[in-house]
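Next up: some structures, all given as C-alpha cells.
Shared between the two complexes below is chain A, which pairs with chain B and chain C, respectively.
Take a look at the complex of A and B:
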C-alpha cells in the first residue's frame, strides 16, 4: 500500500517536473516555440503547427483549407483548435493542451511498462525479465527525451498520433480490445500510417484478452475488431465530411502522404529521392516505397508471434525511418518504447555505434541544413547525407533490437548458450 | 488591262480612305520629365462597327487579331508588354493614369464569352496560343498555374450588353519572366494601318524602344457604344516609353560612352567645393537641347494618310515659354492651359522638331522653363522581400499616400506562383509609427490558395491608406522545393514573381469610372532551395542502398536460425576464417606462380 502511494507521489512529481520544464521553455524563451516550429526536423508538411494555424485561419474564414497546398492535416483538428481560445491572444491554452497530451502519452507508457508485457507475454516469458525498468523510469526517459521536448515545444500535431498509439497499446495490454481499436483508429485517422500497426495490435489484444470473456476463435476476434476499426474510421470520416462539406480532405491529407506531392525536406529518405527521381519512374518508386514500408508488418508479426509488443516497437522504429514525412517525433516514440526492453540490452551488439550515430546526426543535421539553406556554403547533399546516416543509425538500432529479442527467445530453448558465441544460418 | 487594274485599285483605296478617315487616328505626346528624361506616349486607335466585324469586313482593324478574337469568343482584351520601372518619386504620376500599363513581362487579361468555366478555360487556351504565335511571345506558357480569375481588381472598360455580361468570364494571366524585345514590337507595328512605315509609328525602332528606362506596349480591344450610335469595336494600341535624353543622343555609330574632355564636363555647381579646379560631375544636365531625330534616330518622313486629319499627330507638353522649332509644313497650336502645344502636319510632309538648349544657370529657373511639373501620384507603392535564407521569407509592400487630406481606397492584387506558399494568417497592415487601436486598414480579402503544380495563389485585398501616412502590408511565405525537372536551366537565378496590381477605386461610388488610377509594383525575384542537379543517379543509388541495408539486415535476422558458433553445417564457418583462407591462397599464388596454382587446384579437387 505504502509503496503504491510513494509511486503515485513520484509519478505526480515526474509529471509536474515535465510540465514545469515545458512551461518554462514556453514562457522563458518566447521565441523558442516559433523557432522549433520552423525546423524541418520537427515540423513536416503533415504535422506543422504553422500550417495548422493557416488551416484554422482559412477554416474560420469560410475558405476550405483543403482547396489549397498548405494544410494537409486531419479535419477534426480544426474544430478542436477553434474551440481553444485564439492562439494569437492566449497561447497558454495551446501550450497546456500540448503538455497534457505529452503527459497522457507518458501515463500510457507507464501502464505498458508496469504490465510487464515486454518481459513476459502470453506465449513467451523471458528468462531475463527481472532486469527491467519501472514505468517511472520509462516515462521519465520519454518525458525528458530532448526529441520529445522539442516536439512538444514545436507544437507538432504528431503528438496526438503518438498519444493515440501509446493509448492503443496500453489498452491492448490492459485487455480492452475495443478501446485499443478505437485509439488506433484515431491514430490512423490523424496520420494514416498507424493503420499498419493493426495486425500486431490485434495479436496483442488477442493474447491479452481477459479470461472471463475471451473469444477463442482467432477469426471471430479479428473480424469483430477490424469491424470496430472500420466503423470508427467511417464515423470519423463522416464527421469530417459534415464539417468540411466535401470529400476533398481525403486527397489533401492522405493523398499527399501517398503521392508525396510536397517535397519539403525532412529527416526521412523520401524527399530527396523523389526530388531527383525521373518523372516516368515516380509512381513506380512511390509504390515500391510504400510496399517496402508495409512489408515488415507481415514478416515481423509472423516471426515474432510470441511477443506482439516487440513487433509494435520494431514497426514504430521502422516507420520513424521509412515513412514519407518522418520527424524526430516518430523517433521519440520509438525511443520511448525501447527502454521497455531493458532486459535484452545486454544482448545488443552495437549500442555504442548507435548512440554515437544518433548523437552525430542530431548535432550535424541542423548544422548542415543551415549550411545549405542559409549560409549557401553547402548544397542539398549535405543535409541529405545526414538524413541517410540518421536512417542507417536508426535501422541499425531496429536490427540490433530484433537480434537481441530473437536471441533472448532462442536462449529459452538453449539455456546453455547464454553468453556464448553464436551465428545465424 | 494593267492600267484598268491600277485604276480599280486607286478607286478602292479612295473609297476606303473616305470611309476610314474618321476611324483611325494616331498621336504622339512628348513630355519632358525631371532628371533629363523624356516620356513619349504613342497612341493609335481605330474603330470598326460590330456589324461589319461580324461580317468579317475588318477594314482598318487588324484582320489577324480580329480572327483570333472571333475564334476565341473574346469580348474584351488587354495585352501588355512592359519592361523597366516607372520611377514615381521623380517622374510623378503615370501616363494614362496607369491604365495602359502592365507589370514587367507580359500581362494578358480578357473577358471571354463562355457558358461554363471549362469552356472559358478552353477558349483561354486557344486565345493564349494564338496570341503567342501572333506576337512572338511565350504567351502559350500561361497555363493553369499562371491564370487567375480576379474578382475585385478588374472591370470591363467597354460597354457590354447585360445579356452577354452574365456569360463573360474574366481570365488574367501573367508571365513575369518574359523578356520583351524587338520580336514583339514588329508584330505590334504590323497591326497598324500604316505598318510603322509612315506617321508617328515610323519613329518606333527596337533599338530605341528597348533602350528606354521604362517602356510599356499595350493593346486594348473593347466594344464601345456611343449614345445613339452603332456599337463599335475599338482597338487602341499604346506605347509609352521613358527615354534618357543624354543616352538617346549618343551617336548610333559610336554608342560606347567615353570620358569627356575637361572643358565639356558638366559639374554640379551646388557642391560647396565646386570651383574651377574641382568638379563633381552631375548625373544629368538640365535644359538640354534635343530634337526628334536625335531622340528617335530619325524624324517623321511622312504622315500616315489614313489618319484622321482633325487630330494633331504630335503634341509636346512643355511650358509655353520654352522655344520649339518645328519643320516647315507644320502648324503649332498652343493649348489654352499654356502647358502644351500640338503640331498639325500637312499631308505628305515630314516633321522634325528641335528644342534648343536653355541658356540659364539657375537650375530652378531652367526646370520651370524645361518641363511641366509632374503630377503627384495618388499612391506610392514599393514591394520587396524580407527575411533571408532559402526556406521562408516575407513580402512587404510599403504604400504611401502623399495626399494631406484624402484617403485612398484601393485593391491590391497578387498572383503568386504555387511554390511560394503564403500564410494568410500572417497578413498584417499597419500604419508606420502608429500603435494602438485604429480602424482596420484591410476591408475585404479575397483569397484563393495555391494548389501544388495546378494553380497559383490569388490574393486580392481591398484596403485603405489614410491621408499622409505610410502603410506596411506584410505576409509570410514558405519556399517549397521542386522536383529537379521543374527547375529552369538557370535555377539559381531565381523565379520571377509577378508585379502586384494596385487599382485605386473611384471615391465617387456611382462615378462612371471604376478605377481612377492603376499601378504595378516591380516584379520580384524569389530564389528557391535547389537540389544538386548533377546526381540523380547517385541519390537513387544511395537511398536504395540505405533501404536495402535495413531491409536486408532485418530479414536476414528474421529468416535465419541461431546456432552456436561451432554448430551447424561446415560451409567454411565464419567470415573471418573464410577471408583468412582466401588471403592465404592469394599469397601462395603470388609467391609460387602457375605451378602452385595448379597444385592448389588439384588439392581442392581432392
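Take a look at the complex of A and C:
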C-alpha cells in the first residue's frame, strides 16, 4: 500500500467518483432520499432532515422554529438552508451542499492521514508506522462506506458536525490551534457532545505546535484555547439569539439532548431505558448516563497521553455507542478514523467477530424495525436487542483498538515480548 | 475502560516456584520456535517492576474517574433522588379527622311572631317553650334557639334576619298547626285561654309548640346525627337517640342519593321503540316544570342540561309487562348513548321511554317501593326512567304531555340530591343546605385525616408543596365553615374545603409513588450501577492497598537505613 505519493489527479478522481455516486443515487432513485430520511437508523430527532424542513417552514413564515416541538437543531442551520433555492423546486442545490460537505470531510481526513500523526506523535513513535494507508485510501474508505453514503443520501444534518470535527482534528494536526478551536466550537454548537472532545484535542494541539511560536506553559496554552472556544460559542449563541429573538433555542436543542424528552427509537441505548424508567428516577439516570459518557474523557486522555489522536478516535467510538441520539453517521465518523491505525491492525484480535457483528446488525436492524413498526409481528424488544448487539459490536471494536494501541506502546518498552502471548495480571 | 492494563507474559507469573523446573523442561524445546526473540530464562522470570511513572499514571486514571463520581455523581444523586416532603400540620389534620378541631353545631334561630300578644306574655311563652325544647332535645349539636321578632315586624321583612323558621301565633278556636308550603313559616293557632300566666312554670301551649318544632326538624336532626355517627366523631358529640331502624332507612337514603358535586349534568333522553315520535318540546317543558326547582337549588348546586332523542331504541328487556326484576336490566347500556359523565360533573339521566310496556304492580305495596309509581322508577345514583304511553301515530310530544314525567323527574331529582322528604319545600331546601355543609365538612376532615395517616405510614412518599398549600387552604376554610355552619357562607367554605382536600389527596405526583418500598430502589439501582460500580470500587481498593504497601516498604526501608 504505497500511498505516500498521492497525485492531485488521483484525489480529484476519488472526489469525482464519490460525488457521481451520490448524485446518481439522488437522481436515479428519486424515492431513495425520502426513504432514507425516514429511517430511524439515519435520522434522529436532533439531526433529521424532515424536522429541519419543518423548522425551515416555520422560520420562513416568521414563526419561531421551535414552536410545535418538532425542530431540535441549531438555529444557524436555518439561514443557511433558506439561502439555498427552495428544496421543493430545486433539490439539486441541497444535494450538492451535502455532497460538498462530505468531500470536505474527506479532504480533512486526507490531511490527518498524510500527517502521519497516527503512527508517530510528538511523544511516541510506533515501530510499525511504516505499514500504513495513505490519505487517499483512508478517504476512499470514508467516502465509499455505505454508512457515510446513506447518511449523505438521508441528508442528516450530522454531516455538518462530522465535517467540523474532522476539520478540528486536521487543523490541530497541522499546528493551527486557533482554527481547531473554532472548528470544534462549531461542532459543539451544532451537536453539543463534541465539546467533550476538547481535552484530547487540546493535548493534540499542544503536541503539534509549530516550534517557531510554541507556547511552553501547558496551563497558559489551555486557558488561551478554552477562551477561544468560549468566545466562539458565545458569538454563535448571540447570533442565534438575534436570529430567533429569544433564548428559547437553548432548551429546544441542547435541553432535548440533555433530558431526552423525544423518545423516538434510534440505534442507541438510551430510548428504551428511559421508556421503562420510573419517573422519579428519570433525572437521576439521565445524569448517570451523561456522566458515564463524559467520564471516559479524563481516563483515556491520561492513560494514552502520548497519542492524543487515539484518544479522539476512541472517544468518537464511545460517543457513537453511548450518546443520547446516535445514528449510523456517528459510526461512520468512527469508522473513518479507524483506518488511520492500519499499523496496529495485526495486533487486533477480534476483527472477524467485529466485522460479522456489524454486518449482522446492519441487515437485521432494519428487518426487526420493520417487524415491529410495520408488520406488527414483533415488538420493541426485537429492535432494541439488535441495537444492543450493534453497541456490542462497536464497543468490541473500541476495546480491541485500545488493546492494540496499548500493546503497540508496550512493545516499545519491552521489545523482548514482541509476538508473544500476553495476559493481564 | 479498563483503568489498568498491565500486560505480561502468560507463562511467567502463573507458575509457582515449585513447578518451575517442569515448566522449564517443557519450555526449553519450544524456545527455538520463538524465533530467538526472547530467551527461555526471560519467560520464567517475574515481570520487571513497574516504572514509578506508570504507577503514578494509573493513580491519576483512577482518580479521574472518582473525581467525576464524587464531585458530580454524588451531588446529582442527592439532588435528584431526595424525596421532597413539605411540612404538613399532621396533628392538626388528625384532630380534624377525629372531630376534635370542630364541634359541628347548628344553631337554628326560630323567630316567633305573636302580634296579638303583649310583650310580657310573649316573653313568658318564649321562655317556657325554650325550656320545653331543651328538655326534649337530646342532641347538643342541633340546637333550636327561639327569639321574639318585634311585634311591628311585617311580612316584607320577616326573614331578613336569617331565621330558619318563623312561627306565627294566631288566636283561634283550637290548638292547630299548619306549615306554609311556600315559605318557612309555621302557623299555630291557639285558644286565647292557653296563654300561660306570668307565674306559671308550664304551659300546654309551650309544650305544644316545642313538640311541633321538634317534629318539624326531626328528620334533619336524624340525618345530621346519622352523618356524624357514620364518621368517626367522638362519642360525646354523638346523639344517642338513633334507633337501628332509623339508621337503616337513612343509610338506604344516602346510598340512593348522589355524592355531592358542585355541578350536576342533567341529560334528558327521549327513547322511542319505533320511528315515532321524533321530536319533543323538552325545552319548554323544562322551563315550565323543572326550572323553578333548579332555581331554588342553585345556591347548592349548578346544573347543566342536554337533551337527546333516539329512535328505534331497544330496551334491555323485551317483555310486555315489566316485573320488579326486569327494571334493573331495562336500560340497554350497550346501545343507548348514555355517557357516564360529561366533563367533570356527574350525570343524572332522565329517560322518557315511549313504548307500550307497562310495569307489573308489586304483589303487595311494600314500604321500600314508595318511589315507584306505575310509570316510573328511580335508579339509585343514576337517574330515572319514565314510561310514557302514547298513541302510535304521535309525531311530536308536546310540553303538556311531558308534564307528568317532568314532575316525576323533579321530585326524583330532589331525592337524588339528598333532599329530606318531610316538611315544606323551603324547609327541605334549607335543611339540604345544612346537611350538605355538614357532609362536606366531615368529608374534607376525613380526607385530611387520610392524608395525614398516609404521610405517616409511608415515610418514602414525596409531598410536594402544592399538597401543603392545599392542606392549609382546606384547614382555613374548614375553620371558617365550622364557625358559620348552618348559614350559606358555611356551605360555600365547606365546598372550597372539600375540593381543596380532594385535590391535595389525589395529587398526581404523589399517587404515582404511593407504593415504592426500598427493595424496589435496589432493583432500580443495581442493574446499571452494579456493573459500573464494581470495577470502579475494585480499582480504588487495589490502589489504596498498593499505596499502603508502598508506604510500609518505604518505612521499612528507612528503618533499615537508620540501623
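Heads up, the rule we're going with is that the second predicted complex is superposed on the first by the 419 of 425 C-alpha atoms of A that agree within 3 Å, B and C clash if a C-alpha of one lies under 4 Å from a C-alpha of the other, contacts with A are read in each partner's own complex, and residues count from 1 in each chain.
Everything that follows uses one rule, which is that contacts are C-beta pairs under 8 Å (C-beta built on N, C-alpha and C of every residue); 3 or more make two chains touch, one makes a residue touch a chain.
The structure displayed is predicted, hence computed values, not measured ones.
Placing chain B and chain C on a common chain A by superposition gives a clash between them.
Legend: residue contacts after superposition of the two complexes on their common chain; A:265 is shown touching chain B, with no touch to chain C. Applying the stated contact rule after C-alpha superposition, one finds that A:280 touches chain C and leaves chain B untouched.
In the superposed model, A:299 lies in contact with both chain B and chain C. Shared-chain residue A:83: touches no atom of chain B or chain C.
In the overlay built on the shared chain, the residue A:406 is in contact with chain B and with chain C.
In the superposition on chain A, no contact is made by A:28 with either chain B or chain C. Comparing chain B with chain C, the partner in contact with more residues of chain A is B. Look at A:421: by the touch rule set out above, it reaches both chain B and chain C. The intersection of chain A residues touching chain B with those touching chain C, taken from the two complexes, comprises 278-279, 292, 295-296, 299-300, 303, 402-403, 406-407, 410, 414, 417, 420-425. Interface of chain B with chain A (complex): residues 388-392, 418, 421, 423-425, 445, 447-453, 478, 480-485, 529-532, 535-536, 539-540, 542-543, 546-547, 549-551, 553-565, 568-569, 571, 574. Those residues of chain A that touch chain B in the complex are listed here as 38, 40, 50, 53-54, 56-58, 61, 63, 67-70, 261-265, 269, 271-279, 292, 295-296, 299-300, 303, 318, 321-322, 372-374, 376, 379-381, 384, 388, 391-392, 395-396, 398-399, 402-403, 406-407, 410, 414, 417, 420-425.
Within the complex, the chain A residues that touch chain C are 278-281, 283-285, 287-288, 291-292, 294-296, 298-300, 302-303, 305, 402-403, 406-407, 410, 414, 416-425.
Residue ranges on chain C touching chain A, taken from their complex, read 1-3, 5-11, 13-14, 34-35, 37-38, 42, 47-48, 57, 60-61, 64-65, 67-69, 72-73, 76-77, 80-81, 462, 512-513, 516, 524, 528-529, 532.
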